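Read through the structures below before going on.
Presented sequentially are two complexes of chain A, the first with chain B as partner and the second with chain C.
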Partner chain A sequence: MPAPTTKRQSHGLSNALSGWLMSLPLALILFFFLLLPIVTIVIVSFWGATEYSIYPAFQFDNYEFLLTSPVTYQVFLNTIKYAVIAWAATLLIGFTIAYFLAFHVRSLVWQIALFLLCTIPFWTSNIIRMISWIPFLGRNGIANSTLIDLGIIDQPLEWLLYSDFAVILAFVHLYTLFMVVPIFNTMMRIDKSLLEAAYDNGATGFQTLTNVIIPLTKPGIMIGSIFVITLVMGDFITVRFMSGSQKANVGRLISNDIGLLQYPSACATAVILLMTVLLVIAVMLHFVDIRKEL
Partner chain B sequence: MSAKSALELIKLTKRYGDTVAVEAIDQTIPNGTYACLLGPSGCGKSSTLRMIAGHETVSSGDILQNSLNITDLPPARRGTAMMFQSYALFPHLSVVDNVAFSLKMKGVDKKTRQAEARQLLELVDMAPYGDRLPTQLSGGQQQRVALARALITKPSILLLDEPLSALDPFLRIRMRTELKRLQRELGISFIHVTHSQDEALALADHIIVMNGGRIEQDGPPQTVFDAPRTEFVARFIGGHNILGETHGKMAVRTDRMSILQDQPEGQAMPATVRAVEYLGTMVNVTVEAPDAGELTVSVGDTAFFAKPVEIGQSVFLKWKPEHAHSLAA
Partner chain C sequence: MTTKQDKKGVSRRSVLKGAAATAGAALGSGAITGFPTIWAQNIKDVTLRQFGTGVSNLNDVAQKVKEDLGFTLEMTALDSDSVTQRAATQPDSFDIADIEYWICKKVWPTGNLQAMDTSKIANYDKIVGIFKSGKLTPESVIAQGTAPHSVGFVDGPDGTTFAKEETGWMTLIPTIYNADTLGIRPDLIGRPIESWTELLNPEFKGKASILDISSIGIMDMAMVCEAMGEIAYGDKGNMTREEIDKTIAIFTEAKKNGQFRAFWKTFDESVNLMASGEVVIQSMWSPAITAVKSRGIQCVYQPLKEGYRSWGGGIGLSKSLSGLELDAAYEYINWYLSGWVGGYLMRQGYYSAVPETSKEFMSENEWGYWFEGKEATDVITSPTGDKLAEAGETRDGGSFYDRMGAVACWNAVMDENQYMVRKWNEFIAA
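Right, the complex of A and B next:
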């Protein structure tokens, strides 16, 4: 008896082929704009350089110089210090803002309105927002003159501008929203009846925060933390402006090398920075699974 | 049991701005009662429950529990526990930790609270699932966990907000039996909000039918079903035909009417058969009467098939006068 010969209709391309075709555009973009530049940086990091030229080679001179110089460690340490302090401050402020928006603002309209209010500073460029701190914090700036007028201090505070304080203040100002957005997003997904259930089970407000809200917000906290830490560790312009070129971080190290056309050395530093950041993120991901959030 | 050991609602009112969700209701629910708040959505039954639970502030009126005014107490100090419609299990905690949550809040040490939680899980037949996360459980299992979590606080009243609505029909009937068994064994009051009259009739010792923020009727299920006080109750509880007589409306149970193929002696209502619905043990015959509109008559299957009627056939309806209840306007 002949088997039924009716074949199922298809669009002509095999599933495997159409799958490859569909992922091709993104693959090309990632290849040319992410993978290729990184590979180039890694390759150039092994090149050699003299005062006036760079030449292709495969040598470890750049890394040897970097890893044996005490300056490198100092600068990396300083970068990590900025990252940790900025992270802690943005987390504290960002969590508080997100908590307020998600749980205390009852109406959706107000939530959206206040959320947009948070984004208004982002309508101007990073650098303008940064520079606008200078007249405020300067020796004869608004902050100092106000404090003197109020009789709180006699002498202008020197540490307000061109200091670690100024650098971290700018970081916090620039990057807190990167903490607010993902945390707010996870908080909005928390079923409100869970908070009622906690209340019904006798939890105080603080117990609800530590036992229900923080554990459920962890993925958002983690995403925000990754944003802030990578942004702060890769930054160079904020440190340069706000410290008046008196403080250093890895970004400035790289930027100085580039200024001196020492590309191989800049690349080697960049590779080590990249590995440090990846290591930090790997450690963070070890603690919280953010995949369910994506 | 003293007369005072009961939950009392006194002129309990809930307003949201200008709208009144619950309007000055009075009700007494003796301890150890399975009470059902029954009504369509928006009738105020959930608001009432949430006010009893302490999750909704009371606009005016009082809630007394064993003569103690609990109107303004926080939920955990009222002796009530709430089981939420969505179960509201903490997704990041294991089943045992979910059940032990209230003990943790009280500062009970880990070993004691976990042991107690496992006992409660035993009670709801969930002992083997203690270490799983809520997402790894089926709806029925999640519900049992929610039940255990509510019961661990040793409440004297368990409040259930549409507990069965998320379950499939088969499971719904099984959980229904289970809820009733638990209530009998524990001897505490259950207050159960539902929009399903089947559920209310099957479970309740005391049914409270609500509509538009007021109580339409309350009493034992048999009374409410047999003698609905108003047209709303008769229609909502189902199984009744409403007849508009000259001196007000009457309700007659659909299974108390009989269909006759030939005109009988005495009074009978002429009608035409419009539809026949076979339900297994019963057959629902929809008829259209010129004086009363569309009516339903439930006939036992044996009786129906002994003398079946067909669509379009002219028939006569008859019922005993004592089976007709007049309804309040």
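Right, the complex of A and C next:
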């Protein structure tokens, strides 16, 4: 659309003031729904709790208990383990799908059609997609009975369900699309003539991939990675259902505390988790300047 | 009947008349007798807000209240943690709290509930002994844990500490209770199960489960550890730190050895674990057994030689109730104990606080099967119509006196509760 050529009319407000006014709604929303809750969480993390109430205080009991318990470290390690494995798997699958859509499918119509196909599972709820794995992977589930019928195994595989495998499988299934979308988006914006130039200069397909496509898709990869890592690190329900409550991540520690009315302790855990996630993201942003690349 | 119908259809007036007649008939028929009726016109405007756990927060009850008593009962079902929280922190958000006795022990000191005058409770004398003296029969020994009678009475209308015996001022009016044990899949186990120790038997490695609700799970653990002879508890319902440590250590080791397939937190999870064959032995609740059975799968609520872990619930009144609402609440309590609800709950496998009145709302076959532990003479169905047992079957564990007489421990809240909760969290995370 051509930009309006008429000279902008003065509305009697200085530029600075109108700038402040325009950013005011967003600032207010962020203040009330992001900043304020986080500040509250930080404050409450220093409070004390009885069995059925919390009382204002300034004590380090919650942090002390958290940071001196070996279980905490074990659980944080587990959380990071889930995040790393789920991230690697979704990246591999997500990148492949996006690559296929962007460079192998030639017509725009088919690209859009196939892309929409990828989103169809997302029309149902997260929880339903997750729970539907349970009857599939169970001891007497479809996977085991098929493998037994085919004569591949004699005994049902116990580790299919209620295990780390099940948890990561569900994560990958749930979150791969979050990787596909931003990578596909950046790939679509790569100038095709760059690929032709690479080809003309004698680059092999693999060289084109590593020297042209991957560097140019970095922002997409980074955005997708941030999505997946934050989602996996903040999750509690997938871990609870897919591990049959047997495995724990930080989200489950928090949800257990909330269930038992130990809000201050839950807040302290949340603060530590928030700091961990921010740290991870800061490291990631160190490698790619998303702002510059977009 | 349709031919007799008035051409004009049913007018509003005739419906109201009919309703009044039904209410009158119900009153006159002796179905709900023996309590002071405050049949004031404005009682219809009264709305009582009740909240509690899912077990007795039934919409059928609210409907029947509207029919029989005329006022509106709003039901909110929550899990037991949320129930405790609400009773303790939001006294103005409810009129009637439907809570368990161990929750009462936690909540009563907050002063959010008011004691009830037993002289206004028509069937008070018929309430079973468990809730009054603590003894089912005069010879009974009182079980460990938070026994209902120990938190059932206070000294006066404003009493804040629990009384040792009946005082005429009740904290909760008992409504529902049961004896819990382990559920098993006899078809997949194929041998008799007699002791709580079987939960940790390596034979069931990867096929056992326990519930992930700390206050109840710790009791099941204690039943197992005691049966194994590993720990001799002073009081399973009020463990010391060392006892908690030892108990959790035994189960953590079992968990690390892969004894458990999963832990469950909600009713439906326990049903699915059992029905799918993932688990063959686990902590379970009575209606969950029923749900598994109604899918045509064998499942037994196995009586064990060490006894049952029991629980009881009751309704308490909010401190802020007064005047007409308070009268309505008393009327509701009297109606609750007058039999219809009791019959409904007993046909689900629970027990009513006043079994005698419930009997009138059950068939002879149902009474025999559920209460007396006799063989069913005909098909037994649930209040919602699902078939639960064939003729000739008997209830697991037998009669009321067999089951409630063998209670080893009541659900409890311990002095070291917070410590236990943290240890429990570590167990789940281990």
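Assume the second predicted complex is superposed on the first by the 281 of 294 C-alpha atoms of A that agree within 3 Å, B and C clash if a C-alpha of one lies under 4 Å from a C-alpha of the other, contacts with A are read in each partner's own complex, and residues count from 1 in each chain.
As a working rule, contacts are C-beta pairs under 8 Å (C-beta built on N, C-alpha and C of every residue); 3 or more make two chains touch, one makes a residue touch a chain.
Remember, predicted model here, so these are calculated numbers, not experimental data.
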Quick one: on chain A, after the overlay, do chain B and chain C clash, or do they fit? Just give me the call. fit
State whether A:Ile41 touches chain B only (first), chain C only (second), both chains, or neither. neither
Of the two partner chains, chain B (first) and chain C (second), which one does A:Ile80 touch, if any: first, second, both, or neither? neither
Which superposed partner A:Leu216 touches (first chain B, second chain C, both, neither): first
Identify the partner contact of A:Val71: answer first if only chain B is touched, second if only chain C is, both if each is, neither if none is. second
Dominant contact partner of chain A by residue count, chain C or chain B: C
With the two complexes superposed on chain A, say which partner A:Arg252 touches: chain B (first), chain C (second), both, or neither. second
State whether A:Asn201 touches chain B only (first), chain C only (second), both chains, or neither. first
Go through the superposed model and pick first if A:Ala143 touches only chain B, second if only chain C, both, or neither. neither
Tell me which partner A:Leu260 touches in the superposition: chain B (first), chain C (second), both or neither. second
Smallest inter-chain Cα gap (chain B/chain C, superposed on A) in whole Å equals 46
Show me the residue ranges of chain C that touch chain A in the complex, using the header's touch definition. 79, 81, 84-85, 88-89, 106-107, 110, 206, 209, 212, 214, 255, 260-265, 272-273, 276-278, 413, 417-418, 421-422, 425-426, 428-430
List the residues on chain B that touch chain A in their complex, please. 53-55, 74-76, 81-82, 84-86, 88-92, 101-102, 104-106, 149-150, 153
Which residues of chain A touch chain B in the complex? 191, 193-194, 196-204, 207, 211-212, 215-216
Within the complex, which stretch of chain A touches chain C? 50-53, 65, 69, 71, 74-75, 134-135, 138-141, 158, 161-162, 240, 243-246, 248, 252-253, 256-257, 259-262
